[in-house]
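The first chain written gets the first letter, and so on, giving A, B, C and D; residue counts start at 1 in each chain.
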Amino acid sequence: MIIVMKPGAAQSSIQAVIDSIEAKGLSAHLSKGEEVTIIGVIGDKSRLSTENLSVYKDVERIVPVTESYKLSNKKFHPEPTIVKVGNTQIGPGNLTIMAGPCAVETEEQLMCIAQNVKASGATILRGGAYKPRTSPYSFQGLEEEGLRYMQTASKETGLATICEVVSQDAIEAAVKYVDMIQIGARNMQNFILLREAGRSGMPVLLKRGLCATIDEWLNAAEYIMSEGNPDVVLCERGIRTYETATRNTLDLSAVAVMREKSHLPIIVDPSHSTGSYKYVPSMAKAAVACGADGLMIEVHNDPAHALSDGPQSLTFQHFEELTRELKPFCDIVGRSFQ
Amino acid sequence: MIIVMKPGAAQSSIQAVIDSIEAKGLSAHLSKGEEVTIIGVIGDKSRLSTENLSVYKDVERIVPVTESYKLSNKKFHPEPTIVKVGNTQIGPGNLTIMAGPCAVETEEQLMCIAQNVKASGATILRGGAYKPRTSPYSFQGLEEEGLRYMQTASKETGLATICEVVSQDAIEAAVKYVDMIQIGARNMQNFILLREAGRSGMPVLLKRGLCATIDEWLNAAEYIMSEGNPDVVLCERGIRTYETATRNTLDLSAVAVMREKSHLPIIVDPSHSTGSYKYVPSMAKAAVACGADGLMIEVHNDPAHALSDGPQSLTFQHFEELTRELKPFCDIVGRSFQ
Amino acid sequence: MIIVMKPGAAQSSIQAVIDSIEAKGLSAHLSKGEEVTIIGVIGDKSRLSTENLSVYKDVERIVPVTESYKLSNKKFHPEPTIVKVGNTQIGPGNLTIMAGPCAVETEEQLMCIAQNVKASGATILRGGAYKPRTSPYSFQGLEEEGLRYMQTASKETGLATICEVVSQDAIEAAVKYVDMIQIGARNMQNFILLREAGRSGMPVLLKRGLCATIDEWLNAAEYIMSEGNPDVVLCERGIRTYETATRNTLDLSAVAVMREKSHLPIIVDPSHSTGSYKYVPSMAKAAVACGADGLMIEVHNDPAHALSDGPQSLTFQHFEELTRELKPFCDIVGRSFQ
Amino acid sequence: MIIVMKPGAAQSSIQAVIDSIEAKGLSAHLSKGEEVTIIGVIGDKSRLSTENLSVYKDVERIVPVTESYKLSNKKFHPEPTIVKVGNTQIGPGNLTIMAGPCAVETEEQLMCIAQNVKASGATILRGGAYKPRTSPYSFQGLEEEGLRYMQTASKETGLATICEVVSQDAIEAAVKYVDMIQIGARNMQNFILLREAGRSGMPVLLKRGLCATIDEWLNAAEYIMSEGNPDVVLCERGIRTYETATRNTLDLSAVAVMREKSHLPIIVDPSHSTGSYKYVPSMAKAAVACGADGLMIEVHNDPAHALSDGPQSLTFQHFEELTRELKPFCDIVGRSFQ
């Protein structure tokens, strides 16, 4: 932590900051420039958590030097993490394709979709049983019944399964039926839910919040991991910007940034980010090209009548074409699926 | 709902849309322009919720015409709502000042702050007992113990009280000790929590999410109200933008927009939005001038040692000065406090 | 300038940075923490402008400590600047109201508007003669003819005048006819135009760019001032965010921030920021309450038929009501108009 | 254009809108729903440019149906445009790599870079002679001298050349020395410059503004094209968002959206968007994978001492590696360079 003093800061102001640092058993390192004085703090800065040095007299600003997340930080865990989900694993060498409907609607629908996405190369079946919807009057999901269909579909096809959870109750139910739980974008800073997900012992897919920074996202992962659960996979799904031509703006450079900052696997969701099936294939290819560990893609047997997010869902035929087109990209980047 | 067809849309494509609308018992109204054809839907559009017309052939886009929120919509409830909290009320004629520490730290601290903010004109004591913090290693609040201190402070001073809740457990506890519950920005789309808040029967302060649109905010209010709870107060607390000179960007025009769109009271939080005590007074005055029903302001006995958000907290002296300076503004806009 | 090294940076990497700093005749101040080493640079950092230390081995990041703008910086000019425009002045004690049509349309129109806005308290007449429009097919302004009408209106009413300029030609013409020139939001980083505005010797109103940070805005002012022109007035006019309920998001906290960072006067444009006449009065009041030095408001004799931006223009009656309502706010903040 | 009336709009209000439409020789098509009435306008809507229907009584909002850009619109020119630059061309089948220093510094430097980027596969040499810099005290470019070096480098290597222009003077100089001119992000809505670029008859690379929407970007292209110049190439270079881990946020979905909306070629600049050489290779690959027609990449002989944007520049070795790695991606998407 560095404290930058205002130009012309009084000696007494500088001393007050130093005293405060030393009173916590830390060392202060003074650097007097021509215009400004800066003070470096040496030692465990968490001891300063109850000091708000920025309100001290003549302090211009505080510059943090170290990140607050540790378990998710590549600096302390340089090797890439591999997360096992059912009989598949997410990480180097694999391109994990999670596919399925936005919402589980009926058992027949889910089974039909499961068989089709498996045939095209998906290894994890996605399907929403608890749907966070903007309006209370929209379809909210089949809840536990939907989870049971997921389990059945898994038994029939051998696909691993993932479901979004929105509450402790949903986690408790999901643990019984599926292989991985998902924290959605709107819950990325629902810290209670993050802790519960950590305690569940399940692999967790952590979607980026709509306006979450990279640092906030890794701190959210830290909530899960600090409960003793190392199996976190990140999912970039678009951020909110001023542009309205797509539903959100897919931030693919987040994949490259995460490779620098974290050891956790990261996958990309081109469906929710773009909001339109037309843009899914090109963004899926871009995600593979820039090094993503996987994709989450919405596929529906009848997008025109999907109960949720139909406009962004691929048909079986589009999905089959896409996975076929993805294969040569996988070859180049040294990944495979199926 | 209006369906805009692509230029040169085939007659068969147009007919398919019309058929789909009529199959749901609605009427389609065709308007053929020189370049494009548009189709208006007449009737209860919720019947179309399982039709994703945007994926139909030759459809350019769908334009919604009516809002999905009804109970929070001024169109259906033109008179401003008044929300009673303890022995005070939020709405026309009043300027409700909620003040107190970001986090409840000790009973003595809270009592001292309560007495001071009351003396300066606050009618509701705020204090966080459950703190949603970016890092899991930051102070997370005293939880139920903090709520008890709030109740004691209320008994001693007569102030009404408000606490943020982050889970069903927190709501159940808060119901016993405080007069109003707050849904924080990070939980604005935690729909499970919104429904629970609705069922609690308590007045609810609903903070705007960091990147929530006006429409999403009113839909979040709708979640609470659709559970039979009409006592919702909105709180503008800054949105996330590219500007970093302030912690967030206070969107005061949201106050004016809400007056057009909703009958619910709206207050402004200049502390969290700016992130610096220096900017709180000017933004508080601006909020009163543009018609806000109240303010939520962080006040601390010793900002330099606050356990949370010290840099944005006012001292007692600053708070007293601010409320004194606010009085003439209140006179102009026809509101009063104390 | 502070250089933060990576954890575990090699001694040779640290020495390379130090050598590079000292080779420029500056001093390096080393601060070795438990995790990371930081290096402070002492001396005139502009000598380092050809060194990109961030690409040196083991460098984590560079933290600038001093601002690049000097002339517009309050640190070096603590007293507020007063800018004279015609027979009026912008700065402490005054609330300068600039009013008029978005675009000058005809001489009669302009004269009629000039007389009306003067009667209601405006001291500067605004009117666009060169209109930057999103589409090339929209009305682009009367150019020099429009400027002449401005001059005539000024002579008749005694109002000072301001016009936006978009090119060197426009500046040369404006110098002959009006009292102040305006650099619009889309040209805030048209550095050629900024320099020309600086050389014109005219008072300059510098609107904030749609996505300009406070620092970029002050650097743009620096371009004008570094040509020897001290008469710069800033104008907050809304920034681009994800919210679409208003055309842009008025960032009123920018007024408060500018008071901390700069000595230049700052006014607020509630018309372009909100995009709707309905929201102009409340935002105008908020601007006065938070300390703005003035307002720029669009007024039109017939908004329904304005050639540009009619939806945000006030009628004469609305403008008269607004200025009447602004007076008590002016009394409180110690400003007056007329 | 569709006019949505407020619920319960008076018949007289509806009639006033209809009268206003018909008075311009257009037809109004009325569609009365259960809650609201909508009015479709049939005919050439540009006749309504002087009517601001949104300020009419009981009008809720106006929904535009057709885009204001025509020449750049794929609806009217479905075939992809190919733009010739020197002896190369930008469009289907090619992956055009523009590479070179951010700023031209010396003749020797430029020649050295030109030879190296050519050897690695670039076909167009980029180099800034007029540099728009945030601070007036930063290096502003060699101007015409820099252009001459570009010409010399072109003669020696056979590379085509591109330079950013910032003023009419710069365009006049550039026409003499280089093969393509660039409008930078900060000038994307400098409409005077766009028209001059249109009149120059030179191929124009139009960078997206930092906060420009897709529609604004295509309208900027329309300014150039409406002067009779069809040779416009778009360049996505990152947009401004709240995320600070990268300099800007590269919006790769803009490539996919442009393929739907326009026939113009589009290239991607991974250097300016990310701001760090570390992220350039992965974003370059992603750009090729999602269908971009080319790349603009900064390459410098000595990034640690570049006069501008060193941190994002690739070394010769990194650039050579990148182009080698790009080749298999090009094979898949059916493009080639060299």
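To be clear about the criterion, a contact is a pair of C-beta atoms (placed from the backbone, for glycine too) under 8 Å apart; a residue touches a chain by one contact, two chains touch by 3 or more.
Note that the structure is a prediction, hence the values are computed from the model and not measured.
For the interfaces C-D and B-D, the C-beta contact count is higher for C-D. The most distant chain from chain A, with centres taken as the mean of CA atoms, is C.
Rounded to a whole number, the gap between the C-alpha centres of chain C and chain D is 26 angstrom. Averaged C-alpha coordinates put the centre of chain B at 38 Å from the centre of chain D.
Multi-chain contact residues of chain D (touching two or more other chains): 211, 215, 240-242, 244.
Those residues of chain A whose C-beta lies close enough to touch chain B in the complex are 46, 49-56, 68-69, 132-139, 166-168, 186-187, 189-193, 195, 210-211, 215-216, 219, 222-223, 226, 240, 277, 303-307, 310-311.
Chain D makes touch with chain A in their complex at residues 211, 213-215, 239, 241-246, 249-257, 259-261, 273-274, 278-279, 282-283, 285-291, 328-329, 332. Partner chain C is touched in their complex by these residues of chain A: 2, 4, 6-7, 29, 31-36, 38, 40-44, 63, 65-66, 75, 240-242, 244.
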